[in-house]
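Below is one structure; the comments refer to it alone.
In order of appearance the chains are A, B, C and D, and numbering begins at 1 in each one.
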Amino acid sequence: MSITYLEAIREAQAQALRDDPRVFIYGQDVGPFGGAHKATKNLAKEFPGRVLDSPISEDAIVGLAVGAAIEGMRPIVEMQFADFSTVGFNQIVNQAATLFWRTNVPCPVTVRLPFGGTSGSGPFHSQCMETVYAHYPGLIVMTPATVEDAYSMLLEAVAIDDPVIFCEHKFLYYHLKAEKLPSEALPVGKARIVREGRDMTIVTYSAMLHEALEAANELTPEGWEVEVVDLRSVKPIDTDTVMASVARTGRLLCVGEAWPWGGVTAEIIARVSSEGYGLLDAPPQRLNAKDTPVPYHPNLWAAHRPTARAITAAARKLLRL
Amino acid sequence: MSITYLEAIREAQAQALRDDPRVFIYGQDVGPFGGAHKATKNLAKEFPGRVLDSPISEDAIVGLAVGAAIEGMRPIVEMQFADFSTVGFNQIVNQAATLFWRTNVPCPVTVRLPFGGTSGSGPFHSQCMETVYAHYPGLIVMTPATVEDAYSMLLEAVAIDDPVIFCEHKFLYYHLKAEKLPSEALPVGKARIVREGRDMTIVTYSAMLHEALEAANELTPEGWEVEVVDLRSVKPIDTDTVMASVARTGRLLCVGEAWPWGGVTAEIIARVSSEGYGLLDAPPQRLNAKDTPVPYHPNLWAAHRPTARAITAAARKLLRL
Amino acid sequence: MLQTVLEPQTAEKAALFRETYLAAYRFMLLARLLDDKFAALWRSGRIHGGVFLGRGQEALSAATGISLKKGDVFAPLIRDAAGRLAFGETVLDAARTYLGSARGPMGGRDGNVHRGKPKEGYLPMISHLGAMISVVNGILLARRFKNHAGTVGAASIGDGATSTGAFHEALNQAAVEKLPLVLVVANNHYAYSTPISRQFACRDLADKAAGYGVEVDSMDGTDLNACLETVGQAVDRARAGRGPQMVVATLLRLCGHGEHDDAGYIDPELKKSPVGRDCQKVAEDYLIRQKWADPATLATWRTEAVHKIEEAIAQVQREPGPDPFTEEWRAISTQRLNEGHE
Amino acid sequence: MLQTVLEPQTAEKAALFRETYLAAYRFMLLARLLDDKFAALWRSGRIHGGVFLGRGQEALSAATGISLKKGDVFAPLIRDAAGRLAFGETVLDAARTYLGSARGPMGGRDGNVHRGKPKEGYLPMISHLGAMISVVNGILLARRFKNHAGTVGAASIGDGATSTGAFHEALNQAAVEKLPLVLVVANNHYAYSTPISRQFACRDLADKAAGYGVEVDSMDGTDLNACLETVGQAVDRARAGRGPQMVVATLLRLCGHGEHDDAGYIDPELKKSPVGRDCQKVAEDYLIRQKWADPATLATWRTEAVHKIEEAIAQVQREPGPDPFTEEWRAISTQRLNEGHE
């Protein structure tokens, strides 16, 4: 048996629904149809009355989830695409994210954001919104890069008493497979060293992890041993693990698929530079998408986002600094 | 005669309306009432039919402005408070910001965001949203810190063929006064060295400029000469001026009023560390607001945002590194 | 919180209605005096930020609060001092929030009208208009999940806020889910300075109901009698499972948008017209006409209310404000995931 | 783009109506065949991303496009291939956008249904439903500023998108400004897989109009005749200064949401009912009944349309895609303010 990233997300939701009567799912087409991406396939049948189709009303979808959370439920909300969360934005950043701080009442809402670029999806079905949500206090932002993490982190997202922005990468849905679902998991908030190395640290997350690993492999024959750190969650960031890795390698390259201004890569570099300055043997570098909307055409798309090739090139440059 | 920051904003709009028949103003209560902050006082009377009250519909307000811009107008839109732009968010980041890239048709919309903390304003009337907008490609984000810049940059915002997020700080509205309005101005995109120094560079913008200047003055008797750079616009960032200053001083402290994760301060540090690593004699540091919503109570508010005192302390620490 | 009785046919019902009316009136009175006190404190610089009054809207607001039962849900807005008290808020908590006491429900983190106790069904508004309605929907849906039938959720909304997308999405959502939501629309003719002619173009806000498939009723918002009856019936219909109910009250804001605003833009004709009547005065006249109270009794009630308010304010003024040094600067409840960096 | 004539009383008017009908029919036919071609290209892997068809909605869409004049504004959505063509789009530009040609109006930056030419009043939709309506409002307001009277702006919207806040805010805005907006609502009973019972609770979407104070008319969306008449009259009313107009068409989507979707969820009863009729077939029957065309003519038209499409596709397939190396990676028009860093 093998299981995809998408199936892991479905399984985690099934598990959460099974384990906890407070869990329900709400979003467009998540019911009998099983969701635009099929992440809730069969769940409406398996859990009657607990997987509800919503109107096309992202603001009200999130608002309802917050109300249900106040009342002790644990809603999972699906945005059809992360890009559409811009119209539910206010309820996420001002209602959900401030509730605990204002009232001491926790807000266990999970907002699933199918996000990130895939070929041919264009400017409005490809966006990376982790930066925007991570900037707001009161939210936890998860960015699983593996089948196992997709499963265990989604379960943890539902279990956590705070609003979680669960960024699931559409490119990984069918692309990634695992042998089985994990029974144990690293807790959220801990980064993972996916590949050990000596010469350089690449810090990344989500789909870019796989590009980074490919780049690291490319560099092996040249004699370079590149360490690759998967952040897993971008808020909080596991600064300790990043710092420990940089301490070993002395070189840092941050890779993200989001736009370049002020994202995860800037935040990592700011932390390492200000807190771990002495660890660096060379200037920290970063690689992001280009500063334009995400293009439709596969040619443009492949040039817009960082790829293994671009990462390899950036890494080579950094290794020579 | 002396003129406030708020009056400068009013005057710039009057000037724009006078100079260019394509300019009009649209927003809640901007008409006969003159706006919640009085930034459009008397304009409806002076320019009949060109200063229009809108319904409480931020999404439609921005959408209408984009349509008018397509048709060759130069709308100025006022959000009553920056915080409420979250409900106009989609039209800003997905409609206005992508128009030129998608169609080669420019989108000269100015969105005025009265922003930033003032005592007693609380979590929903105090927010700094420059980070969020600067992250999106397609937007220019201005953050004037002086009366003169408020005037000249707003005029430039209206003249520029791109959507501008004009972040005008409410704390400065009455707080700042100038003798007269400028006839010449540094173009948008250029930072200004407001105070020269030798020992350290503080990079900041908007209301924090004045806290930083106060901090720099505090440090003078101790023998420190602190250079203070006002970014003026946070997108684009004038990296050259920042870098040149750091080259002179060897030390960098970035100060922002926004939340700590991934904002202007992280972006500046990332740029300087990766492109100007050799210029630094000590780890670059940053100071932001705390990672919670903006508190209502003056006691809490004063501790939440960076103040001259906190900047002085951070600067002292950095000077000793 | 008292059960409203709507058809005072029988003597018992009549007595109950009288009791409800008197209770509602006293909440109106208390709210008016409390608002006046906040305004005075604001003028003397003792309150930071804005002060927002419900002057002229107390009848509607009190009727809403009093029509709800314990266990119901209430999402008030800025003009709901009376409804909040009627729903169970104490003068002390209101004062604590305005004065930023560390002991208030918001602990000084939020202030003025941004107060509530979510776990008691009393929702603290965020400022973004329209945003609370879908939150009420969520609570009502959760109650349904938990088989707690018979709960009603009321949300206040102004003429201006009907223009928000949030209002639209939430009312439609409630209708689709057939939730027991009572949406209380206060058409006070202005949104801040904006007259309704610049806010909507329908004949009457009640015309919106059919577009959502919800029931609607309208009333004179200056008349406590009408408010108690109309809101009470709507609450009963919602409780009986007839789905969302909209009630539209016509009235006038008898104050500025906030205390900083002299409201010079309000049409004098409107002020002179019946919508400009002071609901407080209307209720007092009714009390006297009905012989439910005489002027001396009214004066006593007023004195009692003033006393209660003064006592509360005096107490709160002795309470400490929040301490930034002991304050836990943490926006999430999961301690181990808090970053806390600056 | 032809002027619709609504009451074909006189012979001249009747002739003009016939001409309009025939033109509209041919746009329907062209759109259907073009859609079919895109579907075929998609199945053979030649189109990246999704393909979204207007099958079953061509009569409504064509009627909208053809009711508009040069200088008018049109904001189509995903099911508007017919209306786009009728409004003046070329098959070439449609093909270029689907196939990502560098020569298309979007230059490969955006694709499929996300195409338009804003300066020609033909708006390129963003995906976020409801978001285009207020943009149309803005153009219409700008025209008013410039004293260009007599312009009409049409925007398409589906049953599902009526639940968006954007729809609500924009329609209300148009009503307040009394703009010449024609909002064409296609109630095709589903939003993706979601049936209208989970989307709204009003009796009929036309019931929403009164809540905005706009005029409304309804029609059988499978009948080109009814569509031409109803949409045409609405356009005329808007042009005459009567403010926003809403028209509601009842029909059924005769395809998946996109070509990846087999639409197995569609109620078979609906398919069999009158709303499930194919507008194409209905129009052809009418043409034959009216003796405006015989089967041979219809066949010729079809061949001509196929030919036109094949030619365009063949040409576009020889056109280059965008080149990432020469591509100017710049999201703002002010060159000197572009950061361009990565």
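We adopt the following convention: a residue touches a chain if its C-beta (ideal position, glycine included) is under 8 Å from a C-beta of that chain, and two chains touch if they have at least 3 such contacts.
Fair warning: this is a prediction, and the values are worked out from it, not measured in the lab.
Asker: Where the contacts of chain A and chain D overlap, which chains show up?
Answerer: Looking at chain D and chain A together, the chains touching each of them are B, C.
Asker: Average the CA atoms of each chain to get its centre, and name the chain whose centre is farthest from that of chain B.
Answerer: Looking at centroid distances, D is the chain farthest away.
Asker: List the centre-to-centre spacing of chain A and chain C in whole Å, with centres computed as mean CA coordinates.
Answerer: About 41 Å, centre to centre.
Asker: Taking each chain's centre as its mean C-alpha position, how far apart are chain A and chain B in Å?
Answerer: Their C-alpha centroids are separated by 30 Å.
Asker: Starting from the mean Cα coordinates of chain C and chain D, work out the distance between those two points in Å.
Answerer: Distance between chain centres: 45 Å.
Asker: Mark out which residues of chain C touch at least two other chains, giving numbers and ranges.
Answerer: 106, 109-110, 114, 126, 128, 163-166, 169, 172-173, 176, 198-200, 330-331, 339
Asker: So which stretches of chain A touch two or more other chains?
Answerer: In chain A, the residues touching two or more other chains are 54-55, 57, 59, 83, 86-87, 90, 94, 97-98, 101-102, 123-124, 137-138, 235, 261, 290-293.
Asker: How are the chains arranged in terms of who touches whom: line, ring, star, complete or other?
Answerer: Here the contact pattern is complete, since every chain touches every other one.
Asker: Tell me, which parts of chain D touch chain C in their complex?
Answerer: 163-169, 172, 175-176, 178, 198-203, 207-214, 243
Asker: Give the list of chain A residues in touch with chain D in this complex.
Answerer: The touching residues are 28-29, 31-33, 36, 53-57, 59, 81, 83-84, 86-87, 119-125, 260-261, 287-293, 295-300, 302-304.
Asker: In the complex, go through chain A and note every residue touching chain B.
Answerer: 59, 83, 86-87, 89-90, 93-94, 97-98, 101-102, 123-124, 131-132, 134-138, 235, 258-259, 261-267, 269-270, 273-275, 277-278, 280, 282-286, 290-293
Asker: Touching residues of chain D toward chain A in the complex: what are they?
Answerer: Counting only chain D, the residues touching chain A are 47-50, 100, 106, 108-112, 114, 126-129, 160-161, 163-166, 191-194, 198-200, 265, 321-325, 327, 329-331, 339-342.
Asker: Can you check the complex and tell me which residues of chain C touch chain A?
Answerer: By the definition above, chain C touches chain A via 105-106, 109-110, 114, 116-119, 123-124, 126, 128, 131-143, 145-146, 165-166, 169-170, 172-173, 176, 330-334, 336-339.
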